[in-house]
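Pasting the structures here.
In the two assemblies presented below, subunit A is common to both, partnered first by subunit B and then by subunit C.
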Partner chain A sequence: MFIQKGKSFGFILIFILILLLLTALPFFVDLFYQTFLTELFVWILFAISFDLIFGYTGLLSFGQALFFGLGGYTVTILIRKFGLNTELSLFLSIIIPILFAWFVGFFSVKLTGIHFVIITIIFAIIGNIIGDTWTSFTGGADGLTFSPPPFRLGLFQIDLTDIKGNYYFVLAIVAISFLFLRRMIQSPLGKIFISIRENEERARLIGYNVQRYKLIAFIIAGGLSGLAGGLYSLTLKYASAGYLHWSVSGHAVVYTIVGGMGTLVGPAIGVGIVMSLEHYLINFLQATDLVVGIALVFMVLVAPKGLVGLIQSIFKKGETSA
Partner chain B sequence: MVSNLAVAILNGIVWGLIMALIALGLNMIFGLLHIINMAHGALYMLGAVVAWYVIELTGNFWIGLMVAPLCVGFIGLIIERGLIRTIEDKPIITIICTFGLMLAVQQLVLMIFGGSPRRISPPIAYRFPLFELQYPAMRIMIALISIAMMIGLWIFLRKTKYGLWMRAVVQDREMAVALGIPVTKVYMWTFVLGSALAAFSGVLAAPIVSVEFMMGREVLIMAFIIVIVGGMGNLEGSVIAAIMISLIQGVGALFVPPSIATVFALAFMIIVLLFRPQGLFGE
Partner chain C sequence: METKKTKKKVEGILKKEISRRDFIKTTALGAAGLSLSSWAPVPFTYGAQPPIKIGMLNEYTVFATEYGYWLGKVGRTAIAKINAEGGIAGRKLELHEYDTKANPAWSASMCRKMILEDKVDLIMGSIHSGVHLACFPLIKQYKIPLFSGGSMTYEFTGKDSLSLHGGYYIRNHSHARSQAVAAWKFGFNNLGKKWTFLNADYAWGHSLAREFGSRVRAAGGKTQDIFAPPATQDFIPFLQKVDPDTEVLFTAFLGSAGLGVLRQTVEVGLHKRLQRFTVICTTEGIGQEVVGKESIGAYYIEYHPRHLDQLPKELHPYEIAYRKACGVDKEGKEVGNPKVTIAGSHMYSMWIYPYMIKLGIEQSGWKDSKKNMDLIKAICSLKLKAGPWCPVGDLVMREEDHQGFNDFYISRVEPDLKLKILEIIPKEKAMYEPETDLRKIV
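Our next item is the complex of A and B:
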């Protein structure tokens, strides 16, 4: 188990150090990299929410794009068409995907294995087709742009059109979400999720209502994916039907597998590595997904537990030989 | 109106037969190896792309139709031996692995073949009159070739040693091993056959649609729908479902926008998944 109570202190120390580093970073890098990092944080949130449903609960959902897109559209449409403030729009970008995740999950968790994968893809495709077709409301494939009003919370106010302000805003929310997820996974609820992944039959025999807990995991992951979508459109000031395409869920799969599923830290590292790789490769290669695809196949075959699993096994070998 | 309807029905049947071939490949692999091959659409696309090169080189469509499935079948052989073999007992991992493969193949084609769509012109240019419209004879030819292919496949599965082995492995793998059937070899040839079928249908579809690196993405989803509605592992069911769904989509598109027709097909599929996971035609 990667996360143990005894390691809590060390984790908090490292977490604070990384946070401090990231807080200082905007003073050293230019605006381009600030935007790049902000997007990276958003994808971390998307990846760790996927890790909850896949890495911890064992459900491979290709439907997360639906909730991501819904979150993005909630923020965009509420601000652009209804003139709502940013605080409430972002809050609703969690709530609305949660309601949809409830609906989708209600049907999906009745199925297992491959059938679950396929039904989640179908729901995402339906969302994508509706987004593509209903252009008067969603802007279709061209999408919608908007300009967010400042985020206010009491006396505290932050201008999201300022790249640096947006950077800190996203960083804070993603950090809080990360701690929230980590806390939840350590809680009894998290243990139930893991027990479902390890042995669904046994979890049922112990007396847990497996479908209910799967639904809970699905709803929480959906809400956080929605938040990621909301933050993404706040960062780009834009949302389009492309957000809803099921292949967006594929991003989360890539990050989680490369970094190491069921670790939370792993998917975050996976986002960092894959996105940096893509960023540098784009100079030589127009088709960056080629490397992503090969990396995915390679990791699945060689290190199915991802980079975190790989590092762990190296350390364990070191311990036994020392 | 009558002529439009006739064209829609004919198109539905032709496209349904092509989709049936694609779904048959996917379903054979699923029925035997219990693998959802996410790269199946990419192999379909690869078939069309290889055929495009062969046709550029030789100027003959029929050579392309022969060569492309052989090439893609060989690639399928490498995929099965090199990748799938090592993870065949983990269904979820194989989905992820073949998804990665799909990305890699698509992007490789984008790099080599380019992103702009290209056309393969039909080798038979003749059009016959259909009420007040004209219908390309090539499409009828495509339909006939698909039917011939399916009959060939049926004979292969029913009358040959390999076909018997394949059916035996589907029924009871343990018993098949005990009786001395080379199960891993059967797996391999099934995957090769499935890949070659995908490529074959890719070449057949090429004169109707345009050849580009993303052409397999939507087809993959349609093939999933067909396999589920027809029943996973049920090959006859796939053929019936393919023609049925294509007809409904084709004729339905005369009355409602095609995207709405697709949404209804997808909603229908969710209902099938929930209440008849064995498919409409399963026992």
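Our next item is the complex of A and C:
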């Protein structure tokens, strides 16, 4: 109990320190790094939402791109075509993907293993085809641009076209989402997700409705992926059918594998490493994906549990030998 | 007297016996010195002024790489030539180049990197409409001119120009509407009145069907639209839908699908009862020998001929110089690599832009981004005459919509697989009423 409380206190302290650091950062880095970090926060949200179903529930879904794209399009289309405000559009970028996730999950979670992977890819492909061909509504592969109105919350108003304003806005939402996911994972619901990942059969025998809990995880991850897509669109002021492509889910897979699945910090670190590597390499060569691919193979061979898993195992070894 | 002294000194040195150790030491030091000197920054001799930074985005990987390769090569060559000729207003051009990966969202990130980190003054390149669209919010916000490499979406210089990019987009090449305005009549008068469009099911394919189709229908013709996924390999199910009375089959696909559709029209025998008409975009960067003999008899709309001898004679001197600089032979193949065919109807845009920028800067007195709109206005009022920097013949920029016009060509694939020009359509016949007036922007 005491150790648990100490761990929580340690987390809160580190979390606040990081948040303070990130809050102060825009005063020390130029506009480019502010936008780079904003984009990085969005991908962190997408990666941790993916980690909920992959790392914590054991479901490898390539369908997250569908929810990411839906979130992006919800914000873009509602603002551009229906003149809705940013607050409501962003809120609906969670709700609409949740509804779709419920529908997709209803069919998908009945399947396991490779069959689950395939059905989620198929749903993402269907979404991408619709996005690509329904050009009058989605803009197809070319996409749609828009200009977001300021985000209003009571007396506060944030201009999302301002780089710094957008930075703080995205940082706040991603930080809240991170805390929400952490709290959920520590709750009894999170423990059930983990028990399903560890031994689905045993979880079923204990009396849990495994499919129902898988569906809950799928829906929550879908909603958060949608939110990430919505934030991405607000950051770029643009959405296209490319957001719906299943390979976008591949980003989350890479980030999670590099950082370490089943740890919310892992995917966040993975995003930081991969995006920084890409940003650094692009100054020297065009084929950055090739290097990222090699890094991924290296990580899988050397540290199959990702960077966080590797650090944890080193600490554990140290404790055992002591 | 001094000469004699020097002679003696040299003789002394030569007579002096050199040990093996001395030789190795001297050679090694010399080699090290040479290597280090090659790493040292070479000062630009035009003056101490900062360089003009040009960003370039192209499709080098993933998709449409046959375009990206040539647009990149020609853009680099043109910038090197401008630098070799003394730069612009005594300033060197510095190139910052990135791959779009044919991914608009990634391209927006690269565009932002170029604007905010590399601090580029201007951006050019890419044939991907989505890439341009994704960059529009950025160029509009930071007021950075973007020169289109080969985007075919006519709306970008249409009525919504101001809201899309704030007037910071410039296009010196054709697009779906100007192609239709220029070439529909040739097809209607010479190939047939009943058209079927079998196009890629995305914005470009729809745009071509809409632009050509509306004109054919307005002239009393009949049209049918069939759209297939952009990466279709088996066209038989779609070709079966072609109306039996179709006289003209207009197709628009990129890459292998573009080849597949032409081949399969022959496999099902459609080529015997109808004429095949398409834009050169479908086979740019791909040799006709790769498309195969199935393409014989197909009609193409070209924006700049692939084969040198198909060009009007008066343009030959300029074209020869342009091809020589870019490493292209008279048949439109890469010098030393005849398997690589040029994207000739697109890549010229990247050759002309640096020159247009040069003229624009000289005319507007541009020094930095504060006068970007003045620079754009100067560039968009240019009337270029055929010359070494404008091998496509006269090119007119239109101030109202920042759109350029040059001549079009109708060609047919001959039995020797050569694209033979049948008709030259002057640029005036490709012009349409501008839908916007960007001259009002201050």
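Basically, the second predicted complex is superposed on the first by the 314 of 322 C-alpha atoms of A that agree within 3 Å, B and C clash if a C-alpha of one lies under 4 Å from a C-alpha of the other, contacts with A are read in each partner's own complex, and residues count from 1 in each chain.
What we mean here is this: a contact is a pair of C-beta atoms (placed from the backbone, for glycine too) under 8 Å apart; a residue touches a chain by one contact, two chains touch by 3 or more.
Quantities reported herein were computed from a predicted structural model and do not represent experimental measurements.
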Partners on subunit A (subunit B, subunit C) - clash or fit: clash
Partner chain in contact with A:K316 - subunit B first, subunit C second, else both or neither: neither
Contacts of A:I257 with subunit B and subunit C, given as first, second, both or neither: first
First (subunit B), second (subunit C), both or neither touched by A:K81: neither
Subunit B versus subunit C as contact partner of A:I126, first or second or both or neither: first
Of subunit C and subunit B, partner touching more subunit A residues: B
First, second, both or neither for A:R183, with subunit B first and subunit C second: neither
First (subunit B), second (subunit C), both or neither touched by A:I282: second
Contacts of A:K110 with subunit B and subunit C, given as first, second, both or neither: first
Partner chain in contact with A:E39 - subunit B first, subunit C second, else both or neither: second
Touching partner for A:S147 - first (subunit B), second (subunit C), both, neither: second
Steric overlap of subunit C with subunit B in the superposed model, located at which of 182-190, 200-208, 236-244 or 398-406: 236-244
Touching both subunit B and subunit C, residues of subunit A: 129, 132-133, 286-287, 289
Subunit A to subunit C touching residues, read off their complex: 30-32, 35-36, 39, 129, 132-133, 135, 139-145, 147, 161, 232, 236-238, 240, 242-243, 279, 282, 286-287, 289
Subunit A contact footprint on subunit B (complex, rising order): 36, 83, 86-87, 91-93, 95-97, 99-108, 110-111, 217, 221, 224, 228, 257, 259-260, 262-263, 266-267, 269-270, 273-274, 277
Interface residues, subunit C side, partner subunit A - complex: 60-61, 98-99, 101, 103-105, 108-110, 112-113, 116-117, 129-130, 133-134, 136-137, 141, 153, 164, 201-203, 206, 227, 229-230
In the complex with subunit B, residue positions of subunit A that touch it: 60, 107, 110-111, 113-115, 117-119, 121-123, 125-126, 129-130, 132-133, 247, 250, 253-254, 257, 285-290, 292-297, 300-301, 304
